[in-house]
Amino acid sequence: MASIIRASVVQSCTSRFNLSETLDKFENLTRLAKERDGTQLVVFPEAFIGGYPKWSTFSCAVGDRQPQGRDEFLKYHTAAIEIPSPAIHRIEEVSKATGVFVVMGVIERDGGTLYCTAIFVDPVEGLVAKHRKLLPTASERLIWGQGDGSTLPVVGKRFESCVQKAHAVHTKISAAICWENYVPLLRTYYYSLGTQIYCAPTVDSRDTWQSSMQHIALEGRCFVLSACQFATEKDYPLDHAVADPNNRNPDNIMINGGSVIISPLGKVLAGPTRQPEEILTADLDLDDVVRGKFDLDAVGHYARPDVFQLKANIPPH
Amino acid sequence: MASIIRASVVQSCTSRFNLSETLDKFENLTRLAKERDGTQLVVFPEAFIGGYPKWSTFSCAVGDRQPQGRDEFLKYHTAAIEIPSPAIHRIEEVSKATGVFVVMGVIERDGGTLYCTAIFVDPVEGLVAKHRKLLPTASERLIWGQGDGSTLPVVGKRFESCVQKAHAVHTKISAAICWENYVPLLRTYYYSLGTQIYCAPTVDSRDTWQSSMQHIALEGRCFVLSACQFATEKDYPLDHAVADPNNRNPDNIMINGGSVIISPLGKVLAGPTRQPEEILTADLDLDDVVRGKFDLDAVGHYARPDVFQLKANIPPH
Amino acid sequence: MASIIRASVVQSCTSRFNLSETLDKFENLTRLAKERDGTQLVVFPEAFIGGYPKWSTFSCAVGDRQPQGRDEFLKYHTAAIEIPSPAIHRIEEVSKATGVFVVMGVIERDGGTLYCTAIFVDPVEGLVAKHRKLLPTASERLIWGQGDGSTLPVVGKRFESCVQKAHAVHTKISAAICWENYVPLLRTYYYSLGTQIYCAPTVDSRDTWQSSMQHIALEGRCFVLSACQFATEKDYPLDHAVADPNNRNPDNIMINGGSVIISPLGKVLAGPTRQPEEILTADLDLDDVVRGKFDLDAVGHYARPDVFQLKANIPPH
Amino acid sequence: MASIIRASVVQSCTSRFNLSETLDKFENLTRLAKERDGTQLVVFPEAFIGGYPKWSTFSCAVGDRQPQGRDEFLKYHTAAIEIPSPAIHRIEEVSKATGVFVVMGVIERDGGTLYCTAIFVDPVEGLVAKHRKLLPTASERLIWGQGDGSTLPVVGKRFESCVQKAHAVHTKISAAICWENYVPLLRTYYYSLGTQIYCAPTVDSRDTWQSSMQHIALEGRCFVLSACQFATEKDYPLDHAVADPNNRNPDNIMINGGSVIISPLGKVLAGPTRQPEEILTADLDLDDVVRGKFDLDAVGHYARPDVFQLKANIPPH
Amino acid sequence: MASIIRASVVQSCTSRFNLSETLDKFENLTRLAKERDGTQLVVFPEAFIGGYPKWSTFSCAVGDRQPQGRDEFLKYHTAAIEIPSPAIHRIEEVSKATGVFVVMGVIERDGGTLYCTAIFVDPVEGLVAKHRKLLPTASERLIWGQGDGSTLPVVGKRFESCVQKAHAVHTKISAAICWENYVPLLRTYYYSLGTQIYCAPTVDSRDTWQSSMQHIALEGRCFVLSACQFATEKDYPLDHAVADPNNRNPDNIMINGGSVIISPLGKVLAGPTRQPEEILTADLDLDDVVRGKFDLDAVGHYARPDVFQLKANIPPH
Amino acid sequence: MASIIRASVVQSCTSRFNLSETLDKFENLTRLAKERDGTQLVVFPEAFIGGYPKWSTFSCAVGDRQPQGRDEFLKYHTAAIEIPSPAIHRIEEVSKATGVFVVMGVIERDGGTLYCTAIFVDPVEGLVAKHRKLLPTASERLIWGQGDGSTLPVVGKRFESCVQKAHAVHTKISAAICWENYVPLLRTYYYSLGTQIYCAPTVDSRDTWQSSMQHIALEGRCFVLSACQFATEKDYPLDHAVADPNNRNPDNIMINGGSVIISPLGKVLAGPTRQPEEILTADLDLDDVVRGKFDLDAVGHYARPDVFQLKANIPPH
């Protein structure tokens, strides 16, 4: 019963594309998770730093762009962070101070291109890895570039058991962002490298999202930690696009949350929540991964390498 | 609005491992689906012919077998069908008489080995393909062999639109049996060959099954037609294993159903049902597949072949 | 008369699924084989490291699993070893210290799946190869995955003749585990690559096993070294399954041994023994392989490649 | 319990290379098997018609032949039979009169070359197939040609159950002659075509033969019916070679029998016998083949077609 | 008159089954042929390397082998060479040093089976092909396996004309060993691929051999170069079998030579010789092949493909 | 020793293209063979009836014919015989009267085309078969057509043993004319149908012919009976072409004989003779065919049907 760690998902949102406000929010929420729940790992939603510009078209139509779209992109570009950068440094400091491992969605600026990225920050080692979303969805393709095989980390991490002092719990963490969770080959790749804590930062707040999270937990026999933004119009800049411009209201929901934690046997451990700001915390018994793999191991005894093989093009480091 | 066909999933069970009773049941249900609902395609559950010997251990333990387990297998072997055989012929006859395309789970006998197979029977061409389950689960491995790349059909079929006479609806049908639905590479293979009607004959009647069906519909942007057995103790031979031997009751549920039809956008079109015997019917607008792929095409614009490739070992015919 | 090496098979058992006790036992027995008999190669039984959970059902029935089965698997998973790992390192150290080549059955952990594996450890080069059982038998399929063509080594080894110093004896070693010995195509593959020392780690202790070992020696014209476990109830954890739970007795036999060494002409050189712990040692005159092939060479002058060909799907290294 | 047939193996010998005497012996023994035991199928030894010229060298040495060897061959050639021929017709008549299916080893003359052949004679259809030994052993290569893929029949046969009138028992019969039984690819081919009654006419009377017969029954999960000659010097022409020419004695054993019937689970049902002339009879419960395949099916659930495939070059008829 | 090359056949014998002595002899004879005669191609007899164990029975009789036969085989097996191996390398070195193309009979060891092989060694490319005898004769079948369609090379070779510097002479070389020369379909196959230099390494030293060589030259319209061993009892190990054990004499002839070179029009160009050791050399005007084919081309204008077709089963490389 | 028949070859020539003179000669020689030697079978040379127009060019050159050539052909055409015809009838009468089986070369007229044919005349059944030469040689192509698969008989014949009254000797007879003997596929076809008496009517009287006859006897393990014409200039019409028109001499040899009888082991039983007219007679022990096939059976134990197959296009009768 010793191989247990405590983990949280944070449901919240970016503060009006404002970096320092959002970093403050991050710090507060992380400290709360630590102090109130004793958490060891926390997952923040997709684009938590940088923001998710919902409803915006960036003034693009097929075959046309407009200057105001370019201006809008300029603001969005400015709100993003580089890796490394002072913002990253601050996140590392918070992680170090609290002892909490952080997985968080950020908008990463790399020259003229932005990436929808998940960062992995270790309280001891600082930023240890990042994952760039492989496939932006629909209009996201107007503003974000694509990641590749060089940013598909599965991060090994040694925690201390939360129920038995000094008992080491070795585990592996990876992250798939939003609709990447619908890419079966990416998931299979993560499973094949031993992912046990599968983080799913997202902004998809539809009901169907819950089915996919539960399915992935069962398919991969891993813990699924999905953190979604919950945002209303007041969380966006005043001039930001909304669903119905004729009906602006600060309390109109822009993104509806649904953060959740699920076990390797498909059991919902916490959530889903539709609260504006909430920290869900659960104890993860890592041995449940093995118990679950006894039933099904999609990359082991339940694979058919003679029939199907996944080739992954991962460049050497 | 013309590319619509009408399809059904049947929730029912094998009749006490009795082949002729079960074939009668098949015929009655198929005729009913045709006459009452005007269905054009019907999916029957896993192991509908041959039966699913739930709760049996076949008297096996690690390193040991017992003669009664071998006798039980002999009976089960006898109840299975060969392909082709008179039983297949009868299924073809019913298909022909009703004009209904049949996908059905059967226990296939091939020499000394049994396979958990799905057959595809066309009203005009008769048996056109079969799929052998690639990976029996847990104790199923005691009684069923494994399929391979030679029995992974994606069957092309031309229906007549049910709403516009003479309008041809070309579609593609495949089948994944029970926990094969948890094998992401198999699903990807089926998607890659253009599956639009994804049949999932099963005996998994847990609630979590619904999540996976909905996820698959969304991931593959295909119609998912899952037919599960519903069986009570009275549907099994009197001496068959049960969950609690001290508490036998003819009405105790052995397999709890949950058949369902879901659209490519994840919408539940019919079911899930927990009735002992029910035919669920829905109109499938095949154009919804394209509509759905606009959002996501896991084997097209939402794939990253530069990063991940699926190799399938399919022997030439 | 110079091409002789001395080889042993060890009849013993895993110590209550306890890794360090079992490694101690391995070391003691290997040292004894070296010191008492001057052996150069030693074969240990199937699952010697990790253990063979005889009589357990892992609480599986068709269509059902229970939590206690998953817990039992978790323990078994924990008792297994990775390759490489400290346990492997210790085996290498003993091999190096004694100069004895070791073939041993181990339960190999690879992520969530376990494999029934035979390792080949060279006193100079350390671990040189491993073979994963291709086809677990019956209830073994609940707990072990399947190997494939990538782990079918035939290991070339240069020994020094035990009767003539500095005379090099080049030979080839392979291993088939338990009922793999009933797979004629696997055996043929091993013969075709020149196997001269055919190791058969097993837990099949029935009398009929002796016939198969003698047959294989004659069919393959190779030395057959079959090492079987001998275990009583006291060699298992106290709560482990037994043949008759109403009649537990520490001295009840769980696995009955039968280790044996047979020459390429079918002559029994040592054993079969039914002793709880015994090292059988024999001198293997490798020239007997050629003498035997004069009579029959199932992959040479006694093959009919024009009529029958074996295709082996062995991935390139 | 109905699928039982009664079968016999005959231990006897050729009568001094005399065809008509040997045919008389065949008739008497077949009638006795029918009348005394009620047998339905009888297996006679290798070379029963034509004879096995044990100890003869046919005066051959490497690079040399002698006229007396050619004369000896001429006599042996004369004692052989063609297919068809009056001798075959007589065998058919006896089969028809007694209703017994006959499998028998004969020396077949085809032009200048002799073959060691097994014939299959049906009481209704007469001669239905023949198998020519693929690989004569050692000095047999001086006197017999080699068969090929065109004579590897697996004969389907419908018997009436010996315990339940009018109950049809469909089974498949094949034959491997003497050391062909050491050819794993040939055996696998026979298994793959569904052999249930595996006939092994032989003249190998060594003790090791018993091991191989038991192994084959287990490996192929088929009934093994091995009929061996028992012959003394008086059963040969007076001038025939013997083991020790200085010690001729009419009662010296030339071939020592060992005929045996074994079940698919390796149980010895009758024999082995060392009597000069004996008919062994046993009831074969064909359902035992399925019971046995539950444990192991080397061409089904216990095969790995993804790793090993047998290619057989069988010419179309 | 330019398309002439100079070729030799060597009459000699294996040196007492001694590999290094025989390789020395090979080197000396090849150097002599080069230096004395200026030869460009040399043919050595059948089994020159490895030896021809004339008169031995390997202690085999029908249905029996003896241990001393197996020991004799072991010695013979040891005296054989693998391809490639240091012995082959030495032959290549001599070929390279002298510039002489070598065709030579060797006993090839491949696992437990020996083959009677002819090797083709090019002075520039080294070993370019090998031919394994398809059909050992009589007692040879006790010690040699059979070749198949994969080793039936017809080797293309570009020589320099021996009478006109820098004039290229393109020709084709093949080899039939001993009684393979009596196999009309094999010869036809060689003719059909354009054989111009037909090598016939042999140990048949009877007078009738000359007729067959002359016939083949005429039938195939090719140069026939037959190299036969000449050996006396002293050329064999002391304990080797002889024609008359009561009359051993070191000078008794074991194999009587008869090496010969014949033109495509049947003219004897050199030999036959009965000398113990002799190199026969002749100039081969390759244009004589065409001159001869004017009269008769058994695979061209003198074939009747409408009536007779040769099917050859040659596996793709 | 009973299976012996007596056979003769006749060396003689056509009488100046004169049919009736030649038929008289045939009758006289046949009666002499019968009366003097007691022969049972006689072979006459190629073109014995009709004649062999040696040295004639029929006034043809490439691209040119002359009227005198046509006239010469007209005469030759007239000298030929039809089958049947009175000439055939007379041959049948002589055969019947003497009881001698006749094989004879004739020029057969069939409409405007002539064939070089061998006829088979049985004393009881009369003309039983004919063989038309498949491939005329060189200038023969100006005057003879080609046979095909419909005239390749192998004639079964029952003789009475010449050394044991009433002992039946069953044998098979075929004929290859002149250079057909250099066609290996034709010979193989004849061997494959069991030819034991191989007749070779010819006009090739070169020394090399003897080699081919001896080779064929050995290769086919059959008796070879070669009958050649012996003719001088006086045996031709006065105006017939000769070798040296400037040196005409009635005694100049045109065709030089060389008739011969050879046994299946290559032993010359009679001839070769260079006498103008001679009957060679020998006793043929048909058992020698079997004795010879013990050594070599090019269509049985010494064939490799897996490597080489002869396809013969023989139309159904």
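Some observations on this one:
Order of writing sets the labels: A, B, C, D, E and F. Residues in every chain begin at 1.
Just so it is clear, contacts are C-beta pairs under 8 Å (C-beta built on N, C-alpha and C of every residue); 3 or more make two chains touch, one makes a residue touch a chain.
Quantities reported herein were computed from a predicted structural model and do not represent experimental measurements.
Touch-path distance (fewest steps) from chain A to chain F is 2.
Across the two candidate interfaces, C-F and A-B, the one carrying more C-beta contacts is A-B. Note on B-D: across the candidates C-D, C-E or C-F, the interface recurring with over half of the contact pairs conserved by residue number is C-E.
Set against the C-alpha centre of chain B, every other chain centre is closer than that of F. In terms of their C-alpha centroids, the spacing between chain B and chain C amounts to 41 Å.
For this pair, chain B with chain E, the centres built from the Cα atoms lie 66 Å apart.
Centroid to centroid, with C-alpha atoms defining each point, chain A and chain E lie 76 Å apart.
Residue positions of chain F with contacts to 2 or more other chains are 295, 304, 306-307.
Across the assembly, chains come into contact as A-B, A-C, A-D, B-C, B-D, C-D, C-E, C-F, D-E, D-F, E-F.
Against chain C, in their complex, chain B makes its touches with residues 52-58, 60-65, 138-143, 203, 241, 243, 255.
By the touch criterion stated above, chain B contacts chain A in their complex at residues 134-135, 137-138, 146, 148-149, 152, 179, 182-189, 208, 210-212, 214-216, 218-219, 266, 295-296, 298, 302-304, 306-313. Contacts from chain A toward chain D in the complex involve residues 304, 306-307. Across the interface of their complex, chain F is touched by residues 58, 65, 67, 69-71, 73-74, 77-78, 110-114, 142-146, 148, 313 of chain D.
Looking at the complex, you find that chain C touches chain E at residues 194, 221, 287, 289-295, 297, 299-301, 305-306.
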